[in-house]
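Structure incoming, see below.
Just so it is clear, A, B and C label the chains in written order, and each chain counts residues from 1 on its own.
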Amino acid sequence: MSYQEEMRIKTIRHGDIHDITDQVSAIVARSGVKTGMVNVFNIGSTAAIGTIEFEPGLQMDISEILDQLIPPGTHYRHEQSWHDGNGHSHLQATIMGPSLTVPIMEGKLVLGTWQQIFHLECDNKPHSRRIIVTVQ
Amino acid sequence: MSYQEEMRIKTIRHGDIHDITDQVSAIVARSGVKTGMVNVFNIGSTAAIGTIEFEPGLQMDISEILDQLIPPGTHYRHEQSWHDGNGHSHLQATIMGPSLTVPIMEGKLVLGTWQQIFHLECDNKPHSRRIIVTVQ
Amino acid sequence: MSYQEEMRIKTIRHGDIHDITDQVSAIVARSGVKTGMVNVFNIGSTAAIGTIEFEPGLQMDISEILDQLIPPGTHYRHEQSWHDGNGHSHLQATIMGPSLTVPIMEGKLVLGTWQQIFHLECDNKPHSRRIIVTVQ
């Protein structure tokens, strides 16, 4: 009934953004599911999953607007305990959310032409990120 | 196992908000599913789906607060490439998210009395929006 | 196919945050589902569900950053009709979102070590909150 795969991506810095649409599409194809939905979930509390028009301008705009709304700083209570400089990373990722659910129609992801699935690194250091893709 | 319908709504301007609860409820009823969940997904990168108390004040407040946090402007990198005046539309829609998953109990959507499912147009021009509703 | 339980939590004030990971895990265990997903949904329009590193600093930071971005105030149109002082509560909850979907692998929730499922009270009064957990 449910088909699941783990995919990994390497991120190098805060604001690093990846288009993971093709990898999710390939998993949907391997699942054999024709009508249903797929959940894409980032393991960890400092990265986000969502949809965006994946063009070079917006790839930078999304992280910049998050940094403007939730700037780096030592005033977060998280910083006062942990001193790892990523209080804003946690808050950005929590507000964006770690997951996305997309419908599947005729065996394919349903997305707009200018709508891609992205992974956004909000942390201030590189990560090897595990993303769980579950198809039903 | 999965039941899917597409619904359409016409939007006329930035901030246009629709209560789509009744249409989603009708699709859940036609699906015959008694216990499960329904995913509601907007195709495209400049509109959002969520829940809100759908009263006239909040119908305007939600778009106004988004415009205050992520205002229209020519400073977005998206604007510098595309000049279509909707950089803020993309960012608002990405942060709000294109989809929502709601539980189904005894054949009905589980929502609070003052909690409705909305579609919010974030773009700066009218659209005929396609929304995919998937019931499991 | 679908297993569903309702859980309740009592909240006492705006910004009250609960770690509900253990309760959701127990429901997943009772469902018997080995591979799939679980949806966690707050009934009502003034509370939110998400993931966060549930440490004391961030437990306060999340509500503080929401209050900074979407402050209490009488300027919301919702206030002008209802005068109940919770316009910001509605907008915070709508932007955060009422639900979360998490994958299940080998019968367990897939979460990072420092990633917990939280319920955040955004309203300005206590509530007995109903949360619907649906496993597939």
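In this text, a residue touches a chain if its C-beta (ideal position, glycine included) is under 8 Å from a C-beta of that chain, and two chains touch if they have at least 3 such contacts.
Remember, it's a predicted structure, so these values are computed and weren't measured experimentally.
The rotation that brings the Cα trace of chain A onto that of chain C spans 120°, given to the nearest 5. Homomeric contact chain B/chain C: same residue numbering on both sides for under half of the interface positions. Taking the mean of the C-alpha atoms as each chain's centre, chain B and chain C sit 19 Å apart.
Residue positions of chain B touching 2 or more other chains: 1, 69, 95, 97, 101, 136. Of all the residues in chain B, the ones that touch chain A in their complex are 1-4, 39, 41, 43-45, 69-70, 76-82, 87, 90-91, 94-95, 97-99, 101, 132, 134, 136. Put simply, chain C touches chain A in their complex at residues 1, 35-37, 50-53, 55-58, 60-62, 64-65, 69, 95-97, 100-105, 110-112, 114-115, 136.
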